[in-house]
Structure formats: structure tokens, C-alpha cells
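For reference, the structure is listed below as C-alpha cells.
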């Protein structure tokens, strides 16, 4: 039981009046890598935002448990402090705030310990080397003028520095060329351990070849239509999502006990 | 997130310490030729300066108070004691500065600033300079840095040639007033080719109820010279409305480069009606860095007149208007020669009912061909009690120019706050971070200790948002 | 001249309520002192002698029966409705920023108008074909003072084209107009105004609108003529989700002077506005552009943008820009941008490398700048003749 990190039960959510998540069940344990695939508009990014606590998304039913605690009502920064991390699909640009300054502040907040300027510099240097990021990025304004690839690398750098227990990577591989995907994937792989877990939201199989996920879930119309392993991802690559559309839904797939 | 963060008001106790009034001399209330004669006699000035003051007084008496911009009808000039001299003679040694004055300066961190190898300190206490020091190496290079009173006597020729030639008593009511009653201020002369590599700074403040402050700053950079002058102001708070009508005249000759930085943090009952102008010759550069935080009302529009070919002006300014403040500021640039360039970058923040107004002018005269100018104004509103206005006027009288202007107003992006919060940062701190980032371009332009001071001012202003 | 006698003459045969409105306006007119237009050096301007305008100016079409179109100068039986609409503009004056034309000019129109239309699109009426109005000034009709009221009722959709023009190149004509516009819930109204007076004439034109919930008003003002042209276009977005746009084109050459004001007052939540202005100045032309975006308290989540581009073709031109952004709400997005300068040298070079002369290349660049707005003119004939006029002016 100590390994259990996240448990999602019959989760339903809406934005304004539109219902998007329609009864999600999912369990994630430490040391696992989960992949969520699905067609556009299925609710993948919504799931990521709901897990992170975006105020636009309202939970109308169900429960999110993190380390055995219901976090439905927890504010986003409190979730981050508990060890949840979201790599954004479209990271915000914050002019005037340097990457280093931002990350030191975040690290202080998440770890609850004041970060000495020098020690933190070393830490950041080390993580940047790990991810093959040029040291000059530390002094650049957060995401300002970054290319798509640079933004995604910067998200992974943040993950490396903050060392979350659960990392949700929302389309971290989209918009990246082959080489960049490889660098990012290798970075993620280096960060994966027995003590943390990852939920990877993606469209593409390329990143999965590097990461070797334990579970693959197909998200369609706000529900998980099928769960499986890497073979499922391969099948989808060949055949698409058609057979998982609502009318073909096999209720027996939602087998998590709530 | 839908709840708004309450941003508490600044704790001003640090800057609100005031001395017991201990002044050896106070001028009579009201302005008459007799008062002016007395001021001049006290200063032991040359006759031409007295004549100048009297002429300015006449203009002052005949000029109307401007009706645009801020409401300054509360000002009653007749009740403003225009001349207050502190209880200390000019000192060049810190040890001899009276204890009370030192204590106030200590609170403002001036001696520390000096210890950190700043070139000289000319701090104005009330109306006259009480402390003055300039590193010997600068004296050896022929650099003159002294108070205006003594400069009038010791460097009479050069002062007479420049004094109030760029800002004349005819310009407006407050420049006329300034001409009549000016007192204190700094005089800087940098000979040709001399590079003053450490900033010269003057910290002045006023400290008597109802006293006006009319310091005059005159800086002349000869050909190819280079200098950085820092003006900082802070005044304790009193119940009587205070008036500040100083004048800053900057002469930047061929190929010279002057940076003029100000962090202004007058107490919140001050009327800050300062006039600042720079005249820039061929290939010369003027750089203004301006932070406006204090005062009840500010009307401040530093002007750069680019009169020589390829002259350049840069203005970087931040204005922070909080409760009860109306800060009307902006840059004026006159392109009056070919291939001149200018960049204006202004940021303003309004909160708790404060009103920030950017009022700028960009003019290209008919011989300004090849001129390039860009103006960028961004305003951040922290609540809907506050107001933010932008009015950049452009007047172009020739075709071969490249002018661009951009302005934006809005509030802190909620998506940006969510992004920062998703990294564990609290909402309050996330917002403070974004505000600090917003003024970062200005902080970047300041010497380190002033950047720290600017940051402290913002932190104080956003107190309660810093975790 | 413009006195009590003239008002008495003009009210003879006019319906009662509108007559008394003329008389009230005359009182106001009498008590006002005329202001100057300082930025274009137009001081102590004298109105020319009054003269009636007797030409037909409305192209009547059969399908227009769906609309209500009346001449304001006639003896009307629905005048109470008109007065009720006009009363909606009372107390709507916004004090901040550009105040538009001198009040005496507005009072002059209301007291002495010699033409003007009341056009109403009733609820749910949608017309695909524009209403065409042509005011053509000549020797017999050298003075045009038009007082128009245009109302788009709920869910209606209407386009109106007003062309102010003249053939005579020597006549010294005068136009002072006032157009008030009301756009109701969910209605869409497009108004194209083309001004092509000769270089001897003077043009004064005020446009004031109120836009309701989800209503949309699009102005396309095209200023190509007149010795002095002073115009103002002020829109108040009074309710939620109201929208207004201005797509302005101006071309000034010779010694002509333009003073153009555009203003968007955001009062409603989620209201949005856009001001786009493209202009060219040539010879000794002088122009003032005033563009105000004003977010009033309560206009949460409103958006406004303003963009001015001016091409300067000669060094003797004089171009003033006064873009203003006023905000009393934090939850708004407002931005403005101005760019001024010559035609990009690289582009000119590129076009000339393909065999064009410099003049041809410049002309092409001007057209390229104007065309996106000209494309919004719904009548092909008019569009063609406007493009031709611009060409002629560039070449001369």
C-alpha cells in the first residue's frame, strides 16, 4: 500500500457548462510510468489540468486521492508542494523573471527550505548538464522568446529541480523534432525512479520507445476506454481510435475499485 | 484564484523619521522681492544672480498655474516656506555632520552607499548641501562636483553661461518660481575626454513642514566625457502639502555620454513638479533611468533635445501609483537633427485607487531626417479601484523617419499565476514575482545597490504578497 | 445668416416635435462661442452663407420597403419615435479624452440641417444589399448640413453607404454633418462613409453611436478630399458583449488638413473594439489622428485595440498622432500601436527590380496598404472609383 500514489475515482469535470471528464478511474503507484493516449478533444489536457487544480475546471463528481488524501479542494500551489508536477503543453512566458530566480523560489516553496544562492546554482548547473541545456538559459527570462523545444526542455528542467513524486507530462513531445524528442525523453528517463511516477500524455509513439511505459490508457470522450501495455499503443498507431469511440465502449474496462 | 490578493500598503516608517525642527533660519512666508533679496544676500551671491531671481519672480507672478494634468489647486504658494536652511555648515568630513542629520541619513543608507565606493555624496538636507565629498582622483582629472551655491561663486563664468538656459523662467509657472527661489542642488563639470567610471550620487530630502524644495542640478559634460549621476529623494511625511519644484539641466556635448538615474520616493503629501531637460550634441548620448514611487502628485516629463546629428536618447521609467497618488509622468524627446535616435520604455503600476498617467511627447522637426524612435508603454492594474492612462503624443514634421509606438494595459495574467503556482509558489508570491518581472527592465538599468533599493520599494509596496 | 429667422423658415412645414428641437438647438447654438481647431491651425472659422440642399440623395429601391426611411426635414407622422431615439443620447456624453467637434458645430447641425435621413431597420430585418446615399454638392447646392439618425433594431442586419462628393473642382463648398446611430441587441450595422470633396471645400462630420448587448457596429470612413476636414467618430459600447470597429483610410495631399478623431468608450462587460487607421500624407498635407480607447469602470473583460499606420511621402508633411488609452478597470486588455515613416526601401527596391518606376512602386505600396479596407466597400462601382481617385491623387 505504501507504493500507492494516485487514485482517481469516477472523476467528472466541467469547464463553464461543458462537461469534459466523464468518469475517469485510474491508479498510479510509485515506480510506474503511465501513458494516456487519445484523439483530439478527448479530455487529455483537461485531466492534466484537473489533477493540477486549474480553477477553470470544476470537479462535479468523484475523487482525486494523492498519497491517501483527498485533494479535490486543494489549491494548485499546495498540490505542487505535495509533489505533483505538470509539464505544460503551452508554458507561460513570464518576462523579467529569470529561470534561475524562478526555480530557486519554487524550490524553496516546494522543499520548504531556503535555497542558498550558491548551492542552488550548483544544483541547477548539474540538472542543466543532465538535460544538455546551455548554462546561459539560467539568466534568461522564463520562457520569454524560447522556441517550442526550448520551452519543453525548460519544463523538464523544472521537473528535475523540483523532484516531484508525480509528474504529468502534457504533450511534452509535441512540436519537437526527432533529436529534440530524444533529448527530452532521455532526460525524462534519467529522472524516473522507484520513488516517483509519471503520467505521460502524448499523441506519438516515438517518445514511448524511449520510455517503455508500464501502462497505456486510451482516453475517449472523457473516459478511459481501454487500458493495456505497450502493445495497445502499437495497435492504436496502426488502427487509430475508431474502435474506442463511445458506442464501442466496454464498461468492463473501468475496473478500478472505488 | 478568483479571489484577489490584498496588497497591503507600504510600511513607510523607515523613511518617515523626522528630526526635531532645528533650523537656524527660516524665510518669511510668502514671496516678495524682499524675500528674494534676503535669500540672495544670505547666499552672498553675485549681483547677476540676484537680478535673475528678481526677473524670474516677476514672471512667476504673471504666470497662470497650468490647468491640464494634475489638480494642484490645494497648493497655496503664499504659505510655503521656500527657504529653510539646516543647522549645519557645509561639511566635507562625515564625522563633522551633526548627529541628528546623520541618523536620518543612516536610515536612508547613504554612508553605506558611499563606503561601497561611490564617487561622491552630495546630500541635500532641506535646502542646502550639508555633506559633500568627492574622491581625489576625480578632482585630479579636473572633475568638479560641488553644491550649486558655491559653484555660482567659484565657477561663475561657466555657471552663468549655462544656468537656466535650457529651462527658462518663461517655460511655466514652476520654472519661474524655481528661478526666483532656487536653493541647493549639485553642479557637475566633466572635462573633455574624462570618463568618470563610478556613479556620482546626490541624496536629498526635505524636512521642514511646509517647506518647498527648489534645488538646481546643472551637469555639463564636455566633448567625449562620460558620467553617471544618481539622484535619489525621500522625505518624511508632514500634514502640510509640500512642494518640490527643482530643475535639472544637462548639457551633453559632442560624443559625451551621460546617464541620469532617479529613484524618487517623496512622502505622500508632496507635490513633485520637477523640470528636467537635456541638450545633446552630435553623437552624444543621454540615458534617463527614472523610478517614481512617492509624492501625492507628480508631474514630471524629462525632455531630451537631440540637437546634434546622431545624438541618442534613452528613457527607462517605472511609475508605481498607490492609494491617494496621482503620478503623471512621461518622456519627451525632440529629434532636431539628422539620424538621431531615441528609445522610450515606460512601465506603470496602479493599485489601491492610485492613478498612473503616462504623458509623453515625441517630436521630429523638419531636419530630423533619418531619425528613428520607438516608444513602448505598458501598464499593469492591480485592482479596479485604480486608474491607468496613456497619452503619447507624436508630432512628425518630416518623412524620412521610422517611428514606432506601442502601449498596453491589463492586469496580471491568471494563466501566468497558475503556471507559477503549479511550481509550488503561493498566489501572493506569484503575483509579486510577476510585478517584479514587469519592472525588471528598469531594475536592470540601475547600479546594484539602487536595484536592490528599487526591489525593496516594490516589496514594501506589495507587502503581504511576499511569502 | 444662421439666426432666428432662418430657424423659423426651416421649421415651416416641418413636424412639430422636430421643429421645437431645432429651436432648442438654436438657443444652444446662440449661447456657444465657437472654438478653434488648433492643431490644424484652423482659427476663427466662418460658416458660409446658408443655402438649401435640393437634390435627391437617396437611391430608392423596391426592397427598401422593409426599412423605414424618412427625410428628417419632412412633415413626419412618426416623429415621436425619432425624438425617443434621439433622447437616448442625452447624458451619454463621456467627459474624458477627445471631446470631438466643437459643440457649436453640433448645435449648428441640429438647428439648421437642410437634409438628413431617419433610417430604421425593424426587428429581424436583414438586408443583403446596402442602402445607398449620395450627397453631391454643386453650384446650386453648395452647402450640406445633414442630420441623420440610423437605428438597427434587435436582430437586424443592415449596410449603409454614404458618399459625399462633387464634380466641380473650383466650387467652395461646405459640409457639416451629424450622424447618430443606435445598434440594438444582436443587430449588425455597417456604415461606409466616403468623403471626396474638392480641395477648396471644408468638411465637418460628427458620428456618435450607442451599441447594445451583442450588437455590432462597423464603420468604414474613407477620407480623400476637402481643404479642411475635421471628423469625429465616437462609439459607446453600453452593454455586455457589444462590439464596434473602425477601419479608416485617409489620403491627404497638397496643403490639405485633416483632424480625425476616433473614440471607443467601453461600458459593457466583454465589450470589444478595434480601431484601424491607414493613411498617406503627401506634399504639405497635415493630419492629426486622435484615437481613444477608454475602459470605463464596469467594463470588465473588455478588449480594445488601436492601430495607426501612416506613410509619409514627402518631407514637408506634418503628422500628429495622439493615441490614448484610459483604463479604470483592471480586467481589460487594451493596446495601441502607431507606426509612421516612409515606404520600406527594400520593398521599393524589390518592386523596381521588376521594372517599375519609383512612382509606380510607391503607388502599388499605397494601394497594398489601403486595399484590405477598400475590400470592405460593398459596392463595386464605388470601390472602383475610390481606388481610381487615390491613384489620381498619388500621381498628381
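In order of appearance the chains are A, B and C, and numbering begins at 1 in each one.
Convention: contacts are C-beta pairs under 8 Å (C-beta built on N, C-alpha and C of every residue); 3 or more make two chains touch, one makes a residue touch a chain.
Just so it is clear, the model here is predicted, and its values are computed rather than measured.
Taken together, the touching pairs link the chains end to end in a line with two free ends. Looking at which of B-C and A-B shares more C-beta pairs in contact, the answer is the pair B-C.
For the pair chain A and chain C, the distance between mean C-alpha positions equals 54 Å. Chain B and chain C have Cα centroids separated by 43 Å.
Each chain gets one centre point, the mean of its Cα atoms, and the points for chain A and chain B are 49 Å apart. Remark: chain B residues 366, 369, 379, 381-384, 386-411 touch chain C in the complex. Chain C makes touch with chain B in their complex at residues 295, 297, 300, 312-342. Of all residues in chain A, those touching chain B in their complex are 52, 54-55, 75-77, 79-81, 85-86, 88, 91-97, 102-103, 105-106, 109-110, 141-142, 158, 162.
Every residue of chain B that touches chain A in the complex is listed here, in rising order: 1-2, 413-416, 418-427, 429-430, 433-434, 436-441, 467.
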